[in-house]
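Given below, in the form of structure tokens, are the structures.
In the two complexes below, chain A is the common chain; its partner is chain B in one and chain C in the other.
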Partner chain A sequence: MKGKKKKLTPARIVMWFVLLVFAVIQIFPLIWLLDFSFASNTEMFTRGLLIWPENIRWDNYVTAFVNGHFLLYLKNSLLINILAVILVLMISVMMAFACTRMHWKLSGTVRGLILLGMMIPIHATLLPNYIIYDKLHLTDTIWALLIPYVAFSLPQGLFLTGSFMESIPKEIEEAAVIDGCGIYRVIVVIMIPMLKTSLVTVSIMTFLNNWNEFMMASTYLSSPKWKTLPFSVLEFTGIYASNYSVQFAVMALTAAPMVILYLILNRHITEGVAMGAVKG
Partner chain B sequence: MQKAYSNKKIIFTLVFPGLLMFTFAVLAPICLSVYYGFTDFSGLGKFNFIGFKNYQEMMKDKNFWMSLRNSVLLAAGFIVIQHPLAIITAALLDRMGRKAEGFFRCVYFLPNVISVAVIAYLWKFIYNPNFGLLNNIAKLFGFSGKTNWLGTGTAIWSVLIVLIWHGFGWGMLIYYTGIKNIDPVLYEAAAIDGADNKQTFLRITLPLMKPVIEVNVTLAVISALKQMETVYLLTAGGPGNETQFMANYLYKQAFSSFRYGYGNAISVIFVLICILATRLLSKVFPKEA
Partner chain C sequence: MKLRKAMAAGIAVATAFSMMPMSAMAEEEPVTIKVFSNNPDRTADQGLVEQTIFDAYMVEHPNVTIDVEALDDEAYKTKFKAYAAGSEMPDLVSVWGQPGFIDEVIDAGILAELNQDDYADYGFISGSTDGFSADGKLYGLPRNTDVIVMYYNAKMFEDNGWEIPATYDDFLTLADTINEAGIIPVAMDGGDKWPLYIYLTDMIQKSEGEGVLQKTLDAISSGDYSDPVFADAANKLREAAERNVFEIGFETTDYGTAQNLFTNGQAAMYYMGSWDMSMATNQDIPDEIRENIRIFNMPVINSDKAASTALTAWNGGGYSVTANAANKEAAIDLLNYMFLPENWTRIAWENGVCMSAQDFSQFATGTETEVQKQLMDMVSASTNVSGSPLGDLGTSEYKTVCEDTVQQLAIGSISTEDFYAGLSALVK
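And then the complex of A and B:
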């Protein structure tokens, strides 16, 4: 069946049609967003689904870029997310190794406790964490985001690396340990290279989840210093309440970095998500 | 060698950073929620311990039950509408051949990489009564095009549509991966036996997809319970509390109604419901392996 040249039979035409309809439903709102971001405010109220703008309004984007603190928020998002991914990977591998390879009494308990985190809703911690961070003067610092981002990505990270590690035979590292290789070196030199696929998955899931997060950010941050990309959008709806075209532009602009990254890494991202979700 | 593997110091250094972080950001706050759940704390100043009063009030709180009802509705929407469509799309996509498959998969998943902030405001504009896309489409079909989609009565359905739309690609992708993992030999055998497409789908694809469907349904129910961000920006739970969800409601109680104690009590129940639902679903769908 596979590999054969596919002819355009009526059944295949129906298939194409159905798939195209779903594609249009999924993509058209985004095209509409992009289209309106180039229009002027008056053009928006004309009839018809899409607008053919008389002049392409690049100034919408200039406003979005400058007044939306785009560069600052993008830098914050990148820094916080990359640090979060690195920390999640390190801690997941360390914990997974301790829980699947090392011999200690509480191994199962600790693993179970962290995995319980997969069931706990992030938003249930918003109220108490606000008080804790406020008392410890962590609000408006990078830690107010980094700590919960890492902590809530950890359960999935531990789950994925742990179950992957269990499928790797112990003989290789045991031989290394007998030869006098230390545990830390075993992890770095032997374990990490073998875990490559699951580490890619953990990185993608962590990055995707935290990149779009804004509930914690808007609860724990009030100054622009560490605000992340979604804030460009959130702030504009207040300041430019009646200037819709500028709001469209800021939405398109803040979506752009991730969409571009996705179009480049499309295969890796979809495969990573599929693997992470089916296992998790 | 045994000695190296049970070296307490090494184990401690491996486990401690993660455990500390998890305790600090997840476990401690939940314990604190339990504590504040027994108080009438407003968020500022002094407070009293009031025992189980918050919990008693919650049982009678219409908005709390509305939030739960909305989660159930959303879960039903995922399971009855989104997932069947996602499975069918995935099954069709599986037959398309390389290039078209890659293209459609890419398009379907695209909304998932876009921030919820953008998605929520985009749909707010789509529903806008003055220039919104939906009313413009309605006009093309001869309707007046003046519907207030986020108004009383229609709001919850409008919210469900956004969430079903946004999560479609994610569900589709997982089903697609599941279908790709089915041994093609089975399809060839079915074709030799003269099975048509419908029979193949019902007799081979669906039964073999059972574990994937179970995982996906579990994820859907949990995400319906956890829903917050889209609703927070799209309707803020309104009009009234018609589109309220638990996470949004507890947030509103604490930060807008200054009932921090009550909000925390809802948090505690919220965590319990999520854990209970996960446990229950894993009982309903026991793992064969």
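And then the complex of A and C:
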């Protein structure tokens, strides 16, 4: 017998069963979302967990696309989120390097201060930020979203890249410097490839948080020009009751890019979070 | 340091871009009116009426562009505060003619005064503009008259031999009978909380009749809720919940779910405002239910004081022009256009969306739904109207506390005494 052979012991059966239950609980909301997006508004409130729609209502998706300005909002969402991710990655790597590798008096304090940013609730900043943007004439521009999205994602970005960077042996950089490598080259050629897992994590987390953000977007934007996908759901909100089935279709469409992205990068995310957590 | 410079540069560039269209706009002939509305869905209900009128106005005035920004109530109120703090207030805004909202806004000088003489021929129902006025000055126009009614399924009533209750006790007995038949008596949207304080106001109205509004206002200004009618009404709400007049878990049932309990035939009655008369034209609702939707007014509790024609009704939402609007004259012109009786009143009534706050009887076509006809009769026969529901008569903080505690009262987690003590402590 080579090592442990995978037998169907009772313990294994129990483990599989537990895992299966968790998997179903995790996936169920997505199935439910898809299922309801094909139903009509009245079918939605019938009893039972899932609906078997009488007619599959593809028109929910057509309405979502046309009346929900889906393509415009998708373009805005993608542009703003991709820019935010790029900025967050650049700034967090540089900050992490400055705070963990460079020796200066206040490096610890500065890092602590930036990490404190994680404790600030978004709602507390809505009004003051609005007034600042208003004075600078930034409301209803792409900057009105980009600046807070980057700012609120930075503490987490610094935290993850910083703790990951501490676990990389200094000797590698020393060797590079001895060979005549400048500081920017050290970061780009040596550090970034080694930080890959944590950078993927930071990207995904930034993307996920900002993809669904609505409070700031609704406060800082007023014209449709830069509105993001969560506004699409709003287009079907009535004063008392809403067009729920179309909202489900919009949400399914909004969630799809995220689910696909997550499936592709799944391995990196779990690795990245775990590695950042147990710094050496 | 570098980061800050980069940011500053970015801000400067963005400022330059955002300034350009603004300065260009003010000088030229074309006018852009910015509208901030609380009707996000522009293809149904009041959002549709609003948009229909705006589109017509733009056809008649080719130089005018109307930009609508719409958010739902909660987001609307947050953004309204942000706008009020900034310098780019939209021209025409949605407002609520209740002290909890409008008093603070008028005090802050945000709304423009309207010329009352403009509206002499508009047929506004007397008293409907009171909520939008302060110190004899008019600051806004109401868009609808809301009446709380009991919707019921006429076919279900007939099939089971149930009668429309004549007294409140009959109503409770009926609820027991319906429960025995395994059907929910009344679908209640308790998750949104405000239907519960409307129920409470309705109870006061049905036992007190005249003077509900004054009594409530007096209690709020003095903090003295000792008049027995208040405790009695609260006990009645609690009793109704205890006897399962409402569905189980009503405190977490939201608007759509409550409505659908009724439109799916799981509930025999549904307690909601007159705006839901649009159910009778909603093609998503199965025919046999849609065509059998009827209404009755909550039966009286004390027939010595209250008449069966007394209604719990109010004028909630409306529109105002802002004091610092970039295009104030144009916005007032648009507002006046909206409320020409043949616009808002006619379109809202003909589409079965809501009753306006103006005289709509001239637009009666005879082809209205049964619910509309019943409502029309009910309103024209009304002898007494409550004014605003309890929660809408104080500050916004009062409203929040009232909403939270009335829900706790209904599920029995606080007593009637604690409920009023809480309100009293807040206003003292």
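Structure notes:
Assume the second predicted complex is superposed on the first by the 183 of 280 C-alpha atoms of A that agree within 3 Å, B and C clash if a C-alpha of one lies under 4 Å from a C-alpha of the other, contacts with A are read in each partner's own complex, and residues count from 1 in each chain.
Keep in mind that, in the parts below, contacts are C-beta pairs under 8 Å (C-beta built on N, C-alpha and C of every residue); 3 or more make two chains touch, one makes a residue touch a chain.
Note that this is a predicted model, so its numbers are computed, not measured.
By the document's definition of touching, of the two partners only chain B reaches A:Gly117; chain C does not. Partner contacting the larger number of chain A residues, of chain B and chain C: B. By the touch criterion defined above, A:Met44 lies against chain B and chain C together after alignment on the C-alpha atoms of chain A.
Once the two complexes are laid over each other on the shared chain, residue contacts for A:Asn266 go to chain B alone; chain C is not touched.
With both structures placed on the common chain, the touch criterion links A:Thr237 to chain B and to chain C.
By the touch criterion stated above, A:Arg101 is placed in contact with chain B alone, chain C being left untouched. When the two complexes are overlaid on their common chain A, residue A:Ile91 makes contact with chain B and with chain C alike. After overlaying the two complexes on the shared chain, residue contacts for A:Thr141 are found with chain C alone; chain B is out of touch.
Once the two complexes are laid over each other on the shared chain, residue contacts for A:Leu126 go to chain B and to chain C alike. Judged by the touch definition given at the top, the superposed model places A:Leu79 against neither chain B nor chain C. Residue overlap on chain A between its contacts with chain B in one complex and with chain C in the other: 44-45, 91, 126-127, 131, 147, 214-215, 234, 237, 244.
Residues of chain A that touch chain C in their complex: 40-42, 44-46, 67, 91, 126-127, 130-131, 134-143, 147, 214-215, 218-219, 222-223, 234-244. Chain C makes touch with chain A in their complex at residues 3, 7, 10-11, 14-15, 17-19, 22, 34, 36, 38-47, 67, 69-73, 75, 78-79, 81-82, 85-88, 90, 255-257, 259-261, 263-264, 273, 275-276, 284-286, 317.
Listed in rising order, the residues of chain B touching chain A in the complex are 1-2, 4-8, 10-11, 13-15, 17-19, 21-22, 24-30, 32-33, 36, 85, 88-89, 92-93, 95-97, 100, 102, 104-118, 121-123, 125-126, 130-131, 133, 136-137, 139-140, 165, 168-170, 173-174, 176-178, 184, 187-188, 191, 197, 212, 215, 219, 222, 225-226, 228-229, 232-233, 247, 250-251, 254, 260, 263-264, 267-268, 270-271, 274-275, 278.
Those residues of chain A that touch chain B in the complex are listed here as 1-2, 6, 11, 15-16, 18-19, 22-23, 25-27, 29-30, 32-33, 36, 44-45, 47-49, 91-92, 94-95, 97-99, 101-104, 110, 113-114, 116-129, 131-132, 147-148, 150-152, 154-155, 158, 174, 177-178, 182-184, 208, 211-212, 214-215, 229-230, 233-234, 237, 244, 247-248, 251, 254-255, 258-259, 261-263, 266-267, 269-271, 273-275, 277-278.
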